[in-house]
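Chain naming follows the written order as A, B, C, D, E and F, and within any one chain the residues start at number 1.
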Amino acid sequence: MTPHIADFLAYCQGPASDIYFQRAADTLAAAALDPVVTMEYFGDRDGLLCGMGDAVDLLRRSLDGAGEVWALDDGNRIAAREVVMRVRAPYSRFGRLETAVLGTLASCSGWATAAREIVDAAGGRPVISFGARHVHPLVGPIMEQAAIVGGCAGCATPLGAERAGLAAPSGTMPHAMILVFGDTVRAALAFDAHMPDDVPRIVLVDTFKDEAEESLRVARAMGERLLGVRLDTPWERGRVTVELVREVRARLDLAGQRGVGIFVSGGLDAERVREFVAARAPVDSFGVGMAISAAPPVGFTADIKEVDGEPRTKRGRIPGLTDAPRLERMI
Amino acid sequence: MTPHIADFLAYCQGPASDIYFQRAADTLAAAALDPVVTMEYFGDRDGLLCGMGDAVDLLRRSLDGAGEVWALDDGNRIAAREVVMRVRAPYSRFGRLETAVLGTLASCSGWATAAREIVDAAGGRPVISFGARHVHPLVGPIMEQAAIVGGCAGCATPLGAERAGLAAPSGTMPHAMILVFGDTVRAALAFDAHMPDDVPRIVLVDTFKDEAEESLRVARAMGERLLGVRLDTPWERGRVTVELVREVRARLDLAGQRGVGIFVSGGLDAERVREFVAARAPVDSFGVGMAISAAPPVGFTADIKEVDGEPRTKRGRIPGLTDAPRLERMI
Amino acid sequence: MTPHIADFLAYCQGPASDIYFQRAADTLAAAALDPVVTMEYFGDRDGLLCGMGDAVDLLRRSLDGAGEVWALDDGNRIAAREVVMRVRAPYSRFGRLETAVLGTLASCSGWATAAREIVDAAGGRPVISFGARHVHPLVGPIMEQAAIVGGCAGCATPLGAERAGLAAPSGTMPHAMILVFGDTVRAALAFDAHMPDDVPRIVLVDTFKDEAEESLRVARAMGERLLGVRLDTPWERGRVTVELVREVRARLDLAGQRGVGIFVSGGLDAERVREFVAARAPVDSFGVGMAISAAPPVGFTADIKEVDGEPRTKRGRIPGLTDAPRLERMI
Amino acid sequence: MTPHIADFLAYCQGPASDIYFQRAADTLAAAALDPVVTMEYFGDRDGLLCGMGDAVDLLRRSLDGAGEVWALDDGNRIAAREVVMRVRAPYSRFGRLETAVLGTLASCSGWATAAREIVDAAGGRPVISFGARHVHPLVGPIMEQAAIVGGCAGCATPLGAERAGLAAPSGTMPHAMILVFGDTVRAALAFDAHMPDDVPRIVLVDTFKDEAEESLRVARAMGERLLGVRLDTPWERGRVTVELVREVRARLDLAGQRGVGIFVSGGLDAERVREFVAARAPVDSFGVGMAISAAPPVGFTADIKEVDGEPRTKRGRIPGLTDAPRLERMI
Amino acid sequence: MTPHIADFLAYCQGPASDIYFQRAADTLAAAALDPVVTMEYFGDRDGLLCGMGDAVDLLRRSLDGAGEVWALDDGNRIAAREVVMRVRAPYSRFGRLETAVLGTLASCSGWATAAREIVDAAGGRPVISFGARHVHPLVGPIMEQAAIVGGCAGCATPLGAERAGLAAPSGTMPHAMILVFGDTVRAALAFDAHMPDDVPRIVLVDTFKDEAEESLRVARAMGERLLGVRLDTPWERGRVTVELVREVRARLDLAGQRGVGIFVSGGLDAERVREFVAARAPVDSFGVGMAISAAPPVGFTADIKEVDGEPRTKRGRIPGLTDAPRLERMI
Amino acid sequence: MTPHIADFLAYCQGPASDIYFQRAADTLAAAALDPVVTMEYFGDRDGLLCGMGDAVDLLRRSLDGAGEVWALDDGNRIAAREVVMRVRAPYSRFGRLETAVLGTLASCSGWATAAREIVDAAGGRPVISFGARHVHPLVGPIMEQAAIVGGCAGCATPLGAERAGLAAPSGTMPHAMILVFGDTVRAALAFDAHMPDDVPRIVLVDTFKDEAEESLRVARAMGERLLGVRLDTPWERGRVTVELVREVRARLDLAGQRGVGIFVSGGLDAERVREFVAARAPVDSFGVGMAISAAPPVGFTADIKEVDGEPRTKRGRIPGLTDAPRLERMI
């Protein structure tokens, strides 16, 4: 499918770069023009910066000592139109990287920004990113890393977890496994019997029966080995509601199962998470999918602001360097 | 950056797959359960199907003869909740691919759907996808391929063009090149002098001067070699409007330059394209960025509907096969 | 009219009549004034007329031959401000009945109007009125009679059914009975064992388990004796939805239970009924409560239009008889 | 409770009770099941509790010593879903009363809630309930009693006044009486001549002439015997407005009639009353009709929460007793 | 044009002209520049053209044979941005008149446009312009002339009527006159006694009494000499409504006064007139004030499109003559 | 008052007065009725009073010693329905002036009210009224005087400036002059060469080139003689925006032209001015046209409140004098 990743820098400078940057490079070379330019990068809305580590890495290899870079670190909150990076170098050293640098910042900051909004909404309860299935597999793990930068406590794929420096990916059990077993309790007991001890015993309880009933069945069958139940009610059954969580909690407590946690997933976004938290619903953690992985990118732009030390920029922009005291020297 | 693409199938089955599919696989294997299941795939909204070629490719290599696949081809319009693919195989042969298959369909269909809406809005005028810079470079060319599936006439990166089977990528010239030259006419003449003959002479005319004035200067300088001008007015100057296009057209015509085309870009989306077309503005082609590349994915879901030939599915769904007469046998 | 008031006419003329009608009567008597007046009655919005039978009955006993009445029959659609009744008699013969006559028309027409809207929405599927519990018991059966006038096929109380001329009231089984039994199947079997044959076997299936699962359990236990299941999902579980009905239908059909009907209740109003019908959800009948019984009354007004044959009315109204060709002579 | 039903308890247990409660009773009896259950009652929105006195009365006669009841008194503000009554008794002792108990609370609390909102809006000025004509005569006086519980200072029918413990019903004079006389002043003088001294002399002044003119005519004719005028301007003349009240007040004052009060009626609801009060219009009291009598019921529900001392309830609800410290022991 | 300015052309060229036109004239004269320019005039919204007669008159006197003018006549419907006049002349001959020409078109077209909308709404019933009192007296009669151009059948001031070529201004009687008399009938009889025969006998009937009552009193007093009544109910009494008109009509008819017309005024605008017409209210004519006289001007602009025969215009506009086939040669 | 009407009082009493005032005068004279009446004047919305000086002037000449006038001065903020003038005199002395007095107050207060809102929005930066071209030339200068009363710092016509007591009218240069010159710099230099020294050198910079570029060209050409540039960008180029102002400021500053001011015009209203001020855009002054000159009049009404010392007024109003402590004796 994608044969091209052996040399990522070359990939970004060539096949994955907008062709007109190559044409510009050729024209300028033919005209023997290669001034030192200062370029500034900014986003089109407030957000959480992410992807900068990878972007600076690309620039470092490309500049190879022939330029300077100032930037903000990943994880910084940024304002619309705030300068987040400044590069000063001969234009030929980095002009063709514009597509890759902007694209990296755009996607990653989009994901991190959405994650942060939900993490803030969750008010301290862990949020796990489960949306890898909604983005192309080439960027699924990168999306997860951005979600962790945005404050998520876990993610679903091994590579995502590795990139984010987590000990392990997170996961309970899919509906498919329970359907193959044909019974939730049977599936849960098999899972418990065969999984390593460090895999949390969280059982999905909405496949065959009402969640409250199934929670009690599983709890009775597994006893203290059960860490929690996952509620993922489909929209055809009204999704997970504050009332459902309260009832499952109450019925578990009545059955003496106060130690069993409740993990909620299924179409969650910041607004629904806020409703759970505002209603003090007894949720122990949240699993979030498309609200993070389908988040729109932050649109980034790069503007030349100086050419050979002289302020120069296109119509509509202010020539010369923008005041940006938060930037730090990276290269 | 991404060391992992040598074996894409293995990548999708392992490091890029949600961990709970691996855990399910291990549990089922330990329980010696591997029934033939029938799984159906559907999206959550109306759209244009894309990514299916790659998804079926993955499944073919994974099933390795041990299952059957029915699906719709890329480029089909699909309805919300319509079944777009059905797989019948032992669960162990494809269970771990769910993340990659859904993710491929999700991203690609999201881009293709957005492209199609804009192409429809353009009413026959070519639309070029210029949004690679707003997505991660690993998927930029894939996004462009999807945009072509959606009806776009061109895209910006060499790899995108190659994947889509186009003769060449599209591109004019960036603001950066003109800024380095310091004058649009000088930049245009150098571009014309040094580019191969098959590169279209389309000059960006909003960098230093009012677009109407600059269009006339460039047209006078290049004569018949000028194919067109690109209007990309920044929002600080009111973006490109119907009136601007009309005026540039009128002033070019008054100067005897009826052959010079007008190419419009800058923050275009379906609604703005519709306004240009409805007003019969003399636009020759449109360049579109984030309206395609930042489009949200179509959310796809995979449901088991049969286990060993018996209708079985989770609560909320209809057991047994869904009526889906448009599906065709793929594997 | 109602069997439970010893002298209903005296009740309406005295203790239940606005005191100022009595004071007017006394004043006019003292002044020896008792002209023949013509009074017209009209409602304040479009609706379905109901209560007229009882109103005319009251007037007949009160006029005792000394006046004339023209009116529309119950069940007529009426327009806002359309004259629905005209009385010509000495004022002393019916002045004190104004409270009772207007109140009867107001409440009954309000209920019938709401019922008709829902019956229209149901597009031919039977609608049963189950809202007696939301109005005072003195008028519960009267509300039900009005609902039948509005097109409902059944109602819940014996007196309501009797007033409406139905063979029997309608009813399945309350949650309370199932809760006392502790299991739906056990309750259903006991119900079947002990009820007369003419009581329809419709079992409520949402008390303990998911509706789809419980429907199958009940169907298996009762076999062909089961006429239908009632879905009454509480809002905490998302109420009954189109998708739930379809799934229960599909699972019953898969189990060979095509003969088991589906009866839907729970917070239904005209809009929700329209959604079920528009989606062609396989509902066999609807049970409706507050949407009928809590409907607002139609506000009725009585205006004197002639006094001793001379046009006379209050400021704001047109003196003389209104054109009302649909009225028929009743008394 | 109501003087007009020979055996109200039997009526509520039988002809006016939903038939399925009887069927449940028969089934349970045949199955020899009669556990002690605890049932809780709550409303679906915030409001003012009313009808509880009658409901407890019914239960007392029905339980006949074989159960316990805790409840809130009439006149308490209640919150949505707050428990307002709890009954613990053998189910057979009160199961069939559910229709009547809920219906009594529903209607009465609906009326009282609406009355309270208007009384609050009136900011201390008396509000009289004049809406008996908009509800069925069987419940007109019951509606009025609820309006008094909600804070109204008076009502229109003798029975309503008696039920509410008022010395007398309230009433001025109907348009009909004035129309029969043919002149407001003549009618007013006759009324004054023939009514007992304890009937307030409040004259309706919008029948024939402009209100301001008629007020002055009546005031001149009756002198100090005139207690007040009632403004009831029809909507065809713009209803009573703040400006009309001010003008009538000013013209009465200019004529030396500072002692004549102004009573306003005609289509008043809480919003319009608030406007009068906010504008400091010189209104002495308000007469309100449909805004109280056509108010929707509060929807009440009864849930079994324990069976033989064990927490048990239906899906969607929390098993066991709800925390309800405001309840007091009634039986 | 207006009889009250000694030298209106000099006024418009000097004291009433924007000073920068004089400064431009002086600068151009000093620079010895006086090319023949072509100027086009257009409005900013759809409307009815008015003021053109006066504008062309000014230009004729100013050009004095040294230029050409093409224009549309007063009373034409015009579209937004449609060219309504074109002047070709040495710039010095008309540059300083821009303020006056644009201002005349702006005010007059604004008034005529509003009048036309109301006249259209009135569906053939005469509309009289009564709004002179809402504009400065210097332009009151000019506003009235524009209202007549817009289709009004009459206006209030003698000068307005004269300018519009009407036989006489329209007017009934002011409230002030009736207040001085102290009684409407007395005022009406005096008016009838002293006015010339050609003054229509239309009596204002809302000053002291309810309109319906007063209409009957006046009709009885004046007999066949009464042409009509004017309803001008103040907003404190609900303004004139469809119902009031119907009732007055009905009461007049009942009294045998079918020949008495009904003239409605008081806060009328196009929407209210449409309501009367849609409801088929028996109105004979409408009197309209601020809805015409307070209408906003149509914003007119003048653009140079050619200089010495060469297309030239400012940025944002199309150089050269606009296609305008409806223009006719005026000078 | 206005220099251009030979006998303005006669004009206002006759040809420009509503004919029915003349008819009333004739009727009252024939009936020998001429009581002393007290008339009060009020507006229909909050605003800034203007035109009172002229109105009192008219009344003084008309009353000629035979009456008294109390009023508020021009420039006072007034509330809806607040009494702004009271006249006590024989009705014959001022009745026919009602049209002129109300019209003067209406137009002038409308303009002054709009001006004040914009001046308030401008937060201390000067606002110049440039809208004479949008009103009839007879009232253009009067509109400008009202704008000055509303707080504007300047206006466009000589007569307006004279009426308002300003030293001189304000004006830069029209597009027409620059178009005739064919180049902005050439036009600017000629203007500078030929204008008296007291004319401010403010150059319009959007005629041929982008504003930022033209500003720099003009600044370089004129050096320290340039006081400012005027930005009047047409809507086809996005109007003047906060960003344009900032960029022009920045580019001027970079070029060492910190002393050159920025004057903004073009479709400004209160909301857009507020946006500039809220964004701290470096605007030095604003030019406003239609937002002031096209403002609707304030609707004024005159009511008789006493006749020969007795309270008397029409239906809907309060008889007798209104409390109005702010009024001061004028005549």
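We adopt the following convention: contacts are C-beta pairs under 8 Å (C-beta built on N, C-alpha and C of every residue); 3 or more make two chains touch, one makes a residue touch a chain.
Just so it is clear, the model here is predicted, and its values are computed rather than measured.
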{"item": "Mutual neighbours - chains that touch subunit E and subunit F alike", "value": "B, D"}
{"item": "Touching both subunit D and subunit E (chains)", "value": "C, F"}
{"item": "Same or different contact residues where subunit F meets its copy subunit B, judged by the half mark", "value": "same"}
{"item": "Interchain centroid distance [CA atoms averaged], subunit C/subunit D, Å", "value": "21"}
{"item": "Inter-centroid spacing, subunit D versus subunit B (mean Cα positions, whole Å)", "value": "65"}
{"item": "Whole-Å gap between the CA centroids of subunit C and subunit E", "value": "58"}
{"item": "Numbers and ranges of subunit E residues touching at least 2 other chains", "value": "208-210, 233, 235-237, 243, 247, 315-317"}
{"item": "Category of the chain touch graph - line, ring, star, complete, other", "value": "other"}
{"item": "Contacting chain pairs - touch in the sense defined above", "value": "A-B, A-C, A-D, A-F, B-C, B-E, B-F, C-D, C-E, D-E, D-F, E-F"}
{"item": "Contact footprint of subunit E on subunit D as seen in their complex", "value": "208-210, 213, 233, 235-239, 241, 243-244, 247"}
{"item": "Subunit D-facing residues of subunit A, complex", "value": "210, 212, 243, 246-247, 250-251, 254"}
{"item": "Footprint of subunit A on subunit B - complex, ascending", "value": "1-2, 4-5, 8, 11-12, 14-21, 23-24, 26-28, 30-31, 33, 35, 37, 39, 51, 54, 57-58, 91, 95, 98-100, 102-104, 106-108, 110, 130, 132-142, 156-159, 162, 168-182, 187, 190-191, 193-195, 199, 206-209, 233-237, 290, 293-294, 296-297, 299-300, 304, 307, 312-317"}
{"item": "Interface residues, subunit F side, partner subunit D - complex", "value": "311, 315-320"}
